[in-house]
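Common to both upcoming complexes is chain A, partnered first by chain B, then by chain C.
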Partner chain A sequence: MIRRLLPLATAALFALALPLLVSRPDAQNTAILMLMTAQLGVAWNILGGYAGQVSLGHAAFFGCGGYVSTFLFLQHGVSPWLGMIAGALAAAALSLVVGWPCFRLRGHYFAMATIAVGEIVQALVTNWEALGGAVGLSLPVTESGWRGMVFNQSKLPYYYLALGLLALSLLVNHGVARSYLGYYFRAIKDEPDAARSLGIGLTRYKLAAIALSSALTAAGGTLYAQKELFIDPGSVLATGLSIKISLAAILGGVGTLFGPVVGAVVLTAIEEASRRWFGGSGRGTDLVVYGLLIVGIAVFRPEGIAGLVRRARSRAGAAA
Partner chain B sequence: MSAPLLEVRDLTKRFGGLLANDSVSFSLEAGEILGLIGPNGAGKTTLFNSVAGFFAPTSGSILLDGTQVAGLAPERMAARGVARTFQIVRIFRSMTVLENAMVGAMLRSKARSAAESAAREVLAFAGLAARAGDPASILTVAEQKRLEIARALAAGPRLLLLDETMAGLTPGEVQEAVGLVRRIRARGITCVIIEHVMEGVMPLVDRLLVLENGRKIADGAPAAVAADPAVISAYLGEDVDAAGP
Partner chain C sequence: MLLQTLLSGVLVGLVYALVAVGLTLIFGVMDIVNFAHGEFLMLGMYAGFWGWALWSLDPLATLPLAALLLFAFGALVYRLVIRRILDAPMLSQIFATFGIMILLRGLAQYLWKPDFRSVGETAVAGTLALGSLRFGRPQLAAALGSVLASALVWWFLRYTRPGAALEATAADREAASLMGIDPGRMFSLAWGIGAACAGIAGVLICTYQPVFPEVGANFILVAFVLVALGGFGSVPGAFWAGILIGIVEVLGGFLVGPAYKMVLVLSLYLVVVWLRPQGLLGRA
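Let's turn to the complex of A and B:
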C-alpha cells in the first residue's frame, strides 16, 4: 500500500510545488497545457482505453463544454462554474445521441463514425450565428477572481484549476476501474460476445462509458474557454484536437490510470519544442510529429509507455 | 405437472439459402444432462446460439420455464439463467483468472467484494483456485476451458450450454472434464453439451440428441441412439452398394 501511495504522493507534491520552482510565464503555460492535455487523455481513456471504443471525435465534446459555458455566460450571465456542469451534462446528452447509432459499428468503423460526428459538429457550429459562427465567441475581460474563473494578472490559478480537474478525472477513472463498470468495460473490449453471454448489454455499457468520458472532456473545454477567453470552431472543435486527445492516451498506455498523464507530458513537450525550434515557419510540424508517433507506437509499442514501464519492472522483478 | 426447464418447438434457423436448423424440437427437464451430437455442420452450435439468444430463430419457439424467450438478446437470456461457453474459448485475456470469474459473478452482485468471494468459490470448484492471480492468457487450453466454465457458473445459471469443452484435451483431462460436469449437475444446474469426444459423452449424458443437416434424427438414451441405424449412417455414410441403382 505504502509502496503504491508513495510515488503518487511525491508526484502530487511535485505538481503542487512546480509553479513555485518555475516562474517563467511561458514555462508555466507549457505546464498548464500538459495538465489540460493529461486531463483530456484521462477522460478519453474511460471510453477508448477501458471500453476499447476508439473515438476520434472527442473535440465535439470538448467544444460542447466550451461553447455551452461561454454561451450561458454571455447570454444569461451564468457563472462558468455552473456553466462547466451544464456543459458536461450537455456533452453527456450529445454523446448518448451520437453513441446510440455509432455503437452499432464495431472497431475501425466506430472510429470512422466518430470522425464524421466531429466534422459534423464543427460544420454546424461554424454556420451557427448564435454561437458566433466561424468568428467564434469572446469572453469579456471582467474582474479577475475565482468566482468568475477569470484571471488576468497571472496564469497560475489556471494551473491549479487544471491540476484540480485532472485530479478529479483521475479519481473518477480510478473509481470506475475498481467498480463493476470497469470490469464490464474491459470485458466488452476483450470479448464482446462473451460479455453478452454474462449479462452485459453492450450498447448500454458503451453509452455509460461515453457519457462519463464526454462529460469530463467537456469540463476541460470550459476550462480552456476560461483560460483563453476566446473559442472558435478551429480551436476547440478541430479533428486535429480529437487526434491529439486520443494520442495522449495511446502514447502513454491505454487502459491504465496514469498512462494518459505520461503521454500528455511527453506529447506536449515535443509539441512545444517543435514550436520553439521551427517558430512561425513550423506550422504543422506538430502534425508531422503526431503522425510519426502513431506509426512508432503501432510498430514498436502498442501498449504505450506504460507497457514499457511494466516490462522493465517485470524484468527487474525476474532479476531480483 | 410443471413445464420442462427448456422446450424447443419446431425451431428453424435459415441463413440465406442455408437451412442450419430445420424444425428441431426437444425438451429438457431440470437436472438432466443432454448430449448434442452430430457431424460437422449439423447445426449444433446454431442451435446453441438460438437458445442463448445470439441468433433470433427464423421460426419456432423456445420456452424457458414455459415462457417464450425466442429472440431475446443474450444479455437478457443470461439474466434469466442461461449461461454458455464457446467452441473457441473467449476468455478475457487482459484480465486475471479471478477477474474473469468476477465478471460472471457481477451478474448476480455488482459489489466487488461479493463478486470476488463468489468468483473464488467457482474457481475452487473448477480446480483453478491456485491460478486465481495469474493472467488468464497464460493458462493452458484445458485450464482456459475450465475458466470459461467457472466464469459461466459464477453468473449463477440454471441452464448451462457447454460447446465442445472436451475438444483438444488429453484423455486424462477429458476424465476431469466429465467429473466437473457431473459435479455441476450435482449443484442443480441442467447441462446441454455439444461434444465430439465420445468417450466423454457416452458415460456422462442422460440423453443424446443427434442432428444431421439441421434436422433431428435421433433423441433418446445413449445406448439406443448409438445403435440407431440412422445415426450410424450419418456418421459412417451409407453403404455404397445398398444405395446404388
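Let's turn to the complex of A and C:
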C-alpha cells in the first residue's frame, strides 16, 4: 500500500510546489496548459478508455462548458462557479441526446458519428448571433479574485484551479474504475456481445460513461474561458481540439488512471518545444511533429507510454 | 431556377462521388477508415496547381501523371503504415490514418505556405449556356471527368481479373487468400486506386477552387457521409449517394442559407446511420 501511495504523494507534492520553483510566467503558462490538457484527457478516458467508445467530438462538450458559463455571466451576471456547474449539467444533457442515437454504432462508425456531431455543433454556434457567432464572446476584465474566477496579476490561481479540477477528475475516474460501473465498462469494451447476452443493457452504461466524461470536460471548458477571457468556435469547438484531447489519453495509455496525465505532459511539451524551435505555428512544423508522433504511436506503441512502463517493469521483475 | 440549382447540385455531387468511390473502396476491402483521404485530394489539387505554376501545364494535361503519382503514394502509405496496423486495435487504426492526415496537412503548410492559391486561365474556362441554364465549363469538365473515372473503377472491379480479386478479398479475406490471392497486394492496390481517385478529383477541381493545406477537411466529411449513405464499401452506392448529397447541399444552401448546408449534410448522415447502420443503400 505504502509502495503504491508514496509515488502518488510525491507527485502531488511536486505538483503543489512546482509554481514556487518555476516563476517565469511563460513556464507557468505551459504548466497550466499541461494540467488543463491532462484533465481533459482524464475526462475523455472515462468514455474512450474504460468504456472503449472513441469520441472525436469532445470539443462540443468543452465548448458547451465555456459557452454556458460565459453566456450566463454576460447576460445574467451568474457567478462562473455556478456557471461551471450549469455548463457541466448542460454538457451531460447534450451528451445524452447525442449518445442515445450514436451508441447504436460501434467502433469507427461511432467515432465518425462523433466527428459529425462536433462539426454540427461548431457550425451551429458559428451562426448563432446570441453566442457571438464567428466572433465569439469576451469576458470583461473585472476585479481580480476567487469570487469571479478572474485573476489579472498572476496566473498562479489558474494553476491551482486546473490542478484541483484534475484531482477531481482523477478521483471520479478512480471511483468509476473501482465501482460496479467500471466492470460494466470493461465488459462493454472487451466483450460487447457477451455482455449483451448476459442481459447487461449496454446503452445505459455507455450513457453513464458519456455523461460523466462530458460533464468533467465541460468544467474544463469553463476554466479555459475564465483563463483566456475569450472564446470563439475556432478555439473551443474545433475538431482539432477533440483530437488533441483524445491524443493525450492515447499517448499516455488508454484505460489507465495516470496515462492521460503523462500523455498530456509529453504532448504539451512537444507542442511548446516545436513551436519555440521551429517558429510560429503558421509554418506547420508543429503539425508535422504532431502527425509523426500520432502515426508512430499508432504503429509501434498502441498501448501508449503506460505500456512502455509496464513492459520495462516486467522486464526488471524478470531480471531480479 | 430550380432546374439550374438541381443540375448544379448534380455537378458538385459527381465530384464528391469520385472522392467517395476511392474511400469506400479502401473501406470495403479492409474495413479501415482513411481519415487522410481529403489530404490525397489536397495533394492532387497541388499537383494541378504546380504543374500550371511551374511549367504552365494545363491541369488536364497534368491529370494522368498526377493520378499515377497518387496511386504510388497511396500504395506507399499502405506499405509504410497501414500494413503494420492491420490487426491492431481499432484505436490504432483510427489514429494511424488520422496522424497521416495531420502530417500531410503540416507538410503542405510547411512546403507550400498556408496561402490560398488559384490556377489562372485553363483550357476549360468560361461558361456554357444551354437555353436559360448556365454552367461553368470547369465544373462541367470536373463532373464529366469524375463520371469517367468512377466508371473506370467500376469497370475495373467488375470486368478485370485484378478487380475480381479485389472484390473477392473484400467479400472474404480468408477464402480469397486460400484461392491464391495475396491480400497484401490487394490492400496495396486498393490504397493506390483509392488515392488516385481522390487525386484525380483534386486535379479536376483545381481549375475552379483555390487550393490550401486544409482544403481536404470539407471533402472528407462529405465523403464519410457518402460512404455511409451508399452502404459501407459499395462503389455504386457511393456514386449515387454523391449525386443525392450534391443536390441536398446546393438545394439546402439555396433554401436555408449556405452557412447551414454542412449542418444539413451531416445531420442527414446521423439520421441515416441511426435508422440504417448498414447504410441507406447497403444490405444488412
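FYI, the second predicted complex is superposed on the first by the 316 of 320 C-alpha atoms of A that agree within 3 Å, B and C clash if a C-alpha of one lies under 4 Å from a C-alpha of the other, contacts with A are read in each partner's own complex, and residues count from 1 in each chain.
As a convention for this text, a residue touches a chain if its C-beta (ideal position, glycine included) is under 8 Å from a C-beta of that chain, and two chains touch if they have at least 3 such contacts.
Since the model is a prediction, treat every value here as computed from it, not as a measurement.
Contacts of A:L163 after superposition on the shared chain: neither chain B nor chain C is touched. By the touch criterion defined above, A:V42 reaches neither chain B nor chain C. Judged by the touch definition given at the top, the superposed model places A:I305 against neither chain B nor chain C.
By the touch criterion defined above, A:I250 reaches chain C but does not reach chain B. Contact comparison for chain A: of chain B and chain C, C touches the greater number of residues.
Applying the stated contact rule after C-alpha superposition, one finds that A:V176 touches neither chain B nor chain C.
Contacts of A:A116 after superposition: chain C is touched, whereas chain B is not reached.
In the superposition on chain A, A:L287 makes contact with chain C only, while chain B stays out of contact range. Against chain B, the residues of chain A that register as touching in their complex are 178-180, 183-184, 186-187, 189-191, 193-202, 255.
Of all residues in chain C, those touching chain A in their complex are 33, 81, 84-85, 88-96, 98-110, 114, 213, 221, 224-225, 228, 259-260, 262-263, 266-267, 269-270, 273-274, 277. Residues of chain B touching chain A in their complex: 52-54, 73-75, 78-79, 83-84, 86, 90-95, 99, 102-104, 106-107, 110-112, 115, 148, 151-152, 155.
Looking at the complex, you find that chain A touches chain C at residues 54, 56, 101-102, 104-105, 107-109, 111-113, 115-117, 119-120, 123-124, 126-127, 243, 247, 250, 254, 282-299, 302.
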